[in-house]
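To keep things simple, chains are lettered A, B, C, D and E as they appear, and every chain counts its residues starting from 1.
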């Protein structure tokens, strides 16, 4: 999985029929230190993630292992909303504070 | 999924038999800001996408989860045509206007 | 899929038993404009491709969706020989002419 | 698989139900020479790995081939803790010593 | 598949139970011209490859299509030992000679 930040939404009315009802979010990849990168994925949302939240995204066939995405042409899914993550004993991110500046 | 722009077509008469009838389109990858990159995929079209349209492409085994691509040697499929996408509260693209210049 | 040019062959007598009879070709990745890149894959040939031809390669589990590669440890397959491809309304490649210089 | 060093943890209370009980670790990718890179994955832990340990991570559908991750939306799993690894006849890493400086 | 050179070994006693008996080798990726790159994979050995040999590695779910790796959390397998490979009509590598200098 990669750590990402939900930065946007995609609306598509003309799509493969099985995708009806899925919500597609634009998720920017974060570095281990919490910095945004140019990388991103458009991921289906399986957990009710909101704009600005940090999430975990699973890719490939693993993205289809939820009730929302099962047997659908979908290769990325938000499967968790991150509360905190820490690296090297330092907290990098806390959900109520965002990325911690002096981490 | 990645966001891409349909920029071309590929014609191949000599191919694996199960691929007959599939339409293959050249899709350039877009950045989150709507800029074209050097990256691309040749994707099967499952939604009737046209040249110049912005689409979503699913890759890997997920590309086989449509009636058109099921059990076929195809690793990328256009599974949606994008109406609008927005990032950071700003509309980046609208189908009838294209990428919005001052986004 | 990616567009590639068949540039070479690999011979391997000592291999997983199920691979007997498969032909392995070296395929260089091409850009959308038809230029060769440093990227490549060794792909099984499912369509009788020849040296110098431009082909489409499917990767991952999709590479096993042919009679030649089914249930084999093979992650890339040539599943089509390209006749022509065009980008932005311009023909980039035609099988009988190669990459078109002023495209 | 890639060789990685466990550098952190991710806590996520709001997640796909099937993921309950899984422990998610931040694993930095290592070069063949044992140097840390910017690359990383968040991986489920199937072997009780600890902070600072060098591990092997399997990705994609292979990440679901453990009792912990079977049928779950998880695309990376720590499936082994490395004791030693050597390259070119030189030991690069030994579990009780870490990366060996003059390797 | 990619062409790689077996440069090392990984020993891991604490691992997912199904992996017992598998041998893990460090394989450096080679360019089409036979040069070593920084890229590598740790791959399970399905063909009895030795240090210094040039091999083909299959990745992803295809890496599980051998008796050694079936249903195991393993995403890369050595499925062939290369005898020769040639590019553009020139022999790049021959097993008994190694990479051919003036290729």
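One rule holds for everything that comes next: a contact is a pair of C-beta atoms (placed from the backbone, for glycine too) under 8 Å apart; a residue touches a chain by one contact, two chains touch by 3 or more.
Since this is a predicted model, take the numbers as computed values, not measurements.
Touching chain A and chain C at once are the following chains: B. Considering every other chain in turn, none proves to be in contact with both chain A and chain D. Rounded to the nearest 5, the angle that brings the Cα atoms of chain C onto chain D is 145°. The distance from the centre of chain A to the centre of chain B, each centre being the mean of the chain's C-alpha atoms, comes to 21 Å. Between chain A and chain E the centroid-to-centroid distance comes to 33 Å (mean Cα coordinates, whole Å). Contact of a single residue of chain C with at least two other chains is seen at positions 60-61, 63-64.
The ring sequence of chains is given as C, E, D, A, B, with chain C as the starting point and chain E next. Across the complex, chain C meets chain B through its residues 1-3, 31-32, 46-48, 56, 58-66, 69, 77, 79-89, 92.
Remark: chain B residues 7-16, 18-19, 24, 26, 28, 38, 40-43, 51, 60-61, 63-64, 71-76 touch chain C in the complex.
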